[in-house]
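Take a look at the structures below.
Look at the two complexes coming up: subunit A is in both, with subunit B in one and subunit C in the other.
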Partner chain A sequence: MLDNIALLGIAPLLNVQLLLDGLFIGAIFVLAAYGLALVWGVMNVKNLAQGDFVMMGGYIAFVMTKLGIHPIFGLPVAIVFMFGFGWVVYRVIIYRVIGKDLFTSLLATFGMAIVIQQLLNLIFSPDVMVAESGFAIRSYLGGMVTVADIKLISFLLATVLATLVITFMKYSRMGQAIRATAQDPRAARVMGIDTERVYAFTFALNAAICGAAGVLISMIWVLQPFFGMTYSIRAFVIVTAAGLGNLPGVIIAGLGLGAVEQFAGFILGAELQQFTVVGLLVAILVWRQIQLRRHRQVVR
Partner chain B sequence: MSKHLKFLTALAFGVAAAGLVAAGPASAKVEGDTIIIGSAISFTGKYSTNGIHAKNGYDLGVKRVNEMGGVKVGGKVYKLKIKYYDDESTPLRTAQLAERLIKQDGIKYILGPYSSATTKAMAPITEKYKIPMVEAEGASRSLFTQGYKYIFAVLSTSEQYLASSIALAAEMAKKAGKKPSDVRVAMAFENDPFSLDVRAGVMDDIKKFGMKIVIDDKLPRDLADMSATLTKVKALKPDLLVISGHSKGAATAARQIKELKIDVPMIAITHCEAAKIVKLFGAATNDFLCPTQWAETLSYKGKYFGTAAEYDKLFKATYDGYRNVPYQAAQASAAVLVWKDAFERANSFDTEKLRQALSETNMKTFYGDIRFAPEGNNIAKPMVLRQIQDGKFNVVAPSKWASHKVNWPRTVPGM
Partner chain C sequence: MNTRLRRTLPYAGLLIAGIAAPFLFPDYTFQFTVLWVMILFALTWDILGGQMGYNSLGNIAFFGVGMYICAVVQIGLYYDVAQYTASYGAVKVEFTADQYFTGLAVGLIAAGLGAMVFSIILGWVVFGLRGPYFAIGTLGVALSAGELTGAWDYVGGGGGIALPIYPGEPDDRSLFFYVLSFTLTIILFFLLRWIYLGRFGLAANAIRDDEEKAEGMGIHTMRYKTVGWAIAAFFLGISGALFGNMIGFIEPLEVAFPTVTFGLFMVVMCLLGGRGTLWGPVIGATLFHTFKEVTWIYLLGWQWVALGALIVVSVVFFQQGIVGWVKEKWPEKFGIAVDDRALAETDPDLDEAPSQRLRRQTEAAQ
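Showing the complex of A and B:
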């Protein structure tokens, strides 16, 4: 471990490589996490199938390559398809669990995750798949830092998508309705907002965002029907760390998570990469608890 | 219906049912002129791709044996037949189905499931009932350290997968005027029983040559990213990089070795073929070393399928959609040949006599030589190492079977 830290000191450019890799992938985590925060915040449903939505998006990009189309064009396709899918899922399953206790929504979405995994497994087989972008890989700083163009492009696309969603939430009628419903569904209904439609839209939007994240993942990492869980976990870690309704927090936590994973993998070894992430979450929750206690004492 | 007739019908049913119960277990192992072998294998779930390859291999083996005159036991000719169940890729189910095959169906001869995990679940059951199992798809070393007496495996065990790459690295070091103990090795293995077995084999050989380990990372099971490990590789510049993590590990490694422009003189990875890395990542995979149980280019030869190349041809002609014949299928066919050979040498259907005959197996087949150690693993067939040379897999080690010279240090066009 100390050797590895020393190595970072001897070759400081390695830090740049790790940081870049972390930020590029972190941007995609942000997308999935933002979707989760949205659904969680607006309808109080904790979607355990979040990562499986991401995988579905990835397989859409994979299908595009099979059809001879560049996977990057999977982005609009995945957004539209997953939006429709999200809407249907809401109408069939999710609307039944809104307002029920936490356990019901967890069970329902967990069941959904299993069904999606098995369907993907049936359609695409359990083999690992990737979608190749075929873009160039560039070396910088004397070859010590390499950046695949696809990672940079994904980063930019993720940024654009996030900006679009944020603008939409802020200025459009639907965005305002969603925020109003999140604040107080009853008041929103009184004001004439069709909350049922808002919920459906929110869930569909979340699925679309996940689908987009999946398309980007397919060109950077690998696809496998059962890999969704890791993205669900990451999304939960990010949202829990950042807190609900804290968008800048989600962005910082997501990018930070990506970078921390890389550095943890480098310094502590790959076996402790995921451990570090979850360990960090525990630390944050403990810290929050201490803060809250202090807060309560003041109130008293 | 009159009362009388009702009684007769009931009686007929009763007699038939009693007959079935009595005949069931006794006739299930050998029905008329058919010997029935049981197998619980993965048609669905995460092992389904390879499970179906293995089933195709079993079926082709059975077809070939039956076409070439069947099995002669006690002067009578029998045909082979396999009774399959789907274990859904879950070891628990495999164990249940093993009980069912043996207890309910009365099967006395077993062909193994697909994967080490399911074979590990099957072995204690076959052991308990003293039913011999010839398996072709469970490579884990731990299957052969439990003192099992009824398991026989035609394939090479997992610790042999990458061990030959260490010997090759030592050979290359000598050629370059260095000592084998100067070789620095970077290792990345998935944290699962199979890959850790592979690692154990590599570690033994590293110790033997006194090489230095500079990286020893264990990758998570759901691995999709190993860029941190590879960045370390880039910094430390080892002489040899060995990676094992099933096909997800191979795909991830190939993609990220390309993206990070990793330049190591020798790289050895398991599951290259399954991950289709050549097709996906092209020239960046040049000169990777990939171990395999079997290859159609090897000069192995046997009575039933002829040469390895002839098996390859027959398999492709029999099953649609195969561009390459997976070794999983070849070793499954070989397992059927082992059963056939054992039946004829034992000249009996008695499981103890068959176990004895199996333990004395000494065959030459299209899949390689087969001779079992007392623990049940095949000690006559080596693992071969192929190198990706201009997009083709060429056998480069061990030297007895090599068709091409190894390219060292590895070169990547355009890097």
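Showing the complex of A and C:
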């Protein structure tokens, strides 16, 4: 472990490489986390199937490559398909969960996550897969830093998508209705907003964002039916670290998590990379609790 | 008298069923053992999840901790653990019958106590979290416990440990573990029945209904939560040690810390049977285990999909669980007075509230 840290000191460009890789992957985490924060904030549903939506989007891109179409064109397909899927899921399951106690949504979406990952497993087998983009890999800074073109492209696409969603939330009629419902559903209903439709749209939008994130992941990383859970955990890490409704916080935390994970994977070894994510979640929760403890008076 | 008999009947039935099962169906002894472990899972989860409203998703961590502590004690009493695990079971190490049973006895106790200590330390850290944060935080603890154990070479890392082999016939072995897990679960069941009826049960339910108010009334909520979790961890730790020995080979992700299987099952079994009741977990676990085994046989390949669907359906459409539903349907059978006077006439002994008794007495006096 110490050797690895020393290695980072000897070759400073390695830091650049790790940081870049982390930022590229972090941009995608931001998308998934933003969707989670949206659904959590608007309808108070904690979606543990978030990562499995991401995987579904990835497999859509994978199917496209099998059909001989470039995976980037999977992006619109995944967005449309996942939007519809999200709407159906809302109508069948989530609709009955809203307003029930907090644990219900967590468990119901956990059950959903199991169904989705097992169906993916049955359809695509548990092998690790990649949607080949076929772009070149370039070296920068005298060959010390290599960046695949597809990573740059996906970073740009993620930025564009995030900007689109944020603009939509800010200026469009539906976006305003969503924000109004998040603030006070009852008042929104009085004002003539169809909150049922807003909820359905929000959940569908979340699924679409996740689907898009999945397409990007399929091109720059790997797909596996059971990897969904780690994406859900990552989204939770980011949202709990940033706090609900804190968009700049989500972006910084997402990019930061991507970088931290890459560095931890390098320093501690690949088998502890998963642990870093989960450990970070526990650490953040504990840290927040210590903060809260100052404000809370407990009978001892 | 009639009431008392009717009330003891289910308990006697449970005991008789437990004792008779391995003799009636000797081929299924292993399945029955797993069933008792499942009932134990559901019962321990219900202490916090049902009675106190603290929905943990990471109770399985205590199961794994107990399993590993027991394994290390069993081997460590007679051999060097690091050397033993490094050989990955390639070198056969013999344990005499005497060594085996001593190691197992010491290991079981150590597993229970170790898991209990772990739960107290962990509780001190996570009990400030509320609602979904508690659930996610405990889920994180269980997941990271599995990952960390997998990276720890002293206990065999991801390769796992092969445990000492039972000295004796295979049939004796399965009966031996059946008796142990049955006894453990029954002890837990009656312990819980006893503590739910007393002060602990009342305090736990007060915490579930409104923790702030319970605190305001002077209930030491932290102490009750810690005690509840310590009881759950103690029994889970021992059951983990038993389960590990029964399987014979332990490994971090699938056997010791199966967060998405057993860790989730215990919650679902509880919800299915009816949380916050004594009998709910028992009924839920029995039905769930049966459903699981049947789908494993007849729906092979699709069993997980069926299980996930069952979870969604039971959580979304059948919130109150079986016992909860029955209670809603026939409340008078549970001593919940709907029409006080009619009930008092038919069954004067049945859970009479003091105010009710006073009213009846004054009415009789007039």
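Definition applied: the second predicted complex is superposed on the first by the 292 of 300 C-alpha atoms of A that agree within 3 Å, B and C clash if a C-alpha of one lies under 4 Å from a C-alpha of the other, contacts with A are read in each partner's own complex, and residues count from 1 in each chain.
Just so we're on the same page, a contact is a pair of C-beta atoms (placed from the backbone, for glycine too) under 8 Å apart; a residue touches a chain by one contact, two chains touch by 3 or more.
Keep in mind that what you see is a predicted model, and the values were worked out from it rather than measured.
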Can A:93 be said to touch subunit B (first), subunit C (second), both, or neither?
second
With both complexes superposed on chain A, which partner does A:70 reach: first (subunit B), second (subunit C), both or neither?
neither
Looking at A:115, would you say it contacts subunit B, subunit C, both, or neither? Reply first, second, both or neither.
second
After lining up the shared chain so the two structures overlap, which partner does A:279 touch, if you call subunit B first and subunit C second: first, second, both or neither?
second
Tell me which partner A:189 touches in the superposition: subunit B (first), subunit C (second), both or neither.
neither
Quick check on the superposed pair: does A:229 touch subunit B, subunit C, both, or neither? Answer first, second, both or neither.
both
Examine A:271 and indicate which partner it touches, taking first as subunit B and second as subunit C; both and neither are also allowed.
both
In the superposed arrangement, which partner chain does A:106 touch: subunit B (first), subunit C (second), both, or neither?
second
Per the definitions at the top, what is the overlap between the subunit A residues touching subunit B and those touching subunit C?
121-122, 229, 269, 271, 274
Quick check: in the complex, which residue numbers of subunit B touch subunit A?
44-49, 188, 191, 216-220, 222-229, 231-232, 234-236, 247-248, 251-252, 255, 258-261, 274-275, 280-281
In the complex, subunit C touches subunit A at residues 55, 57, 125-126, 128-129, 131-133, 135-137, 140-141, 143-144, 147-148, 150-151, 158, 215, 218-222, 260, 264, 267-268, 271, 301-302, 304-305, 307-312, 315-317, 319
What part of subunit A is in contact with subunit C in the complex they form?
46, 93, 96-97, 100, 102-104, 106-108, 110-115, 118-119, 121-122, 229, 233, 236, 240, 269, 271-272, 274-275, 278-279, 281-282, 285-286, 289, 292-293, 296, 298-300
Residue set of subunit A touching subunit B in the complex reads 4, 7, 11, 14, 17-18, 21, 25, 121-122, 125-128, 130, 132, 137, 139, 143-144, 146, 148, 151, 217, 221-222, 224-227, 229-230, 261-266, 269-271, 273-274
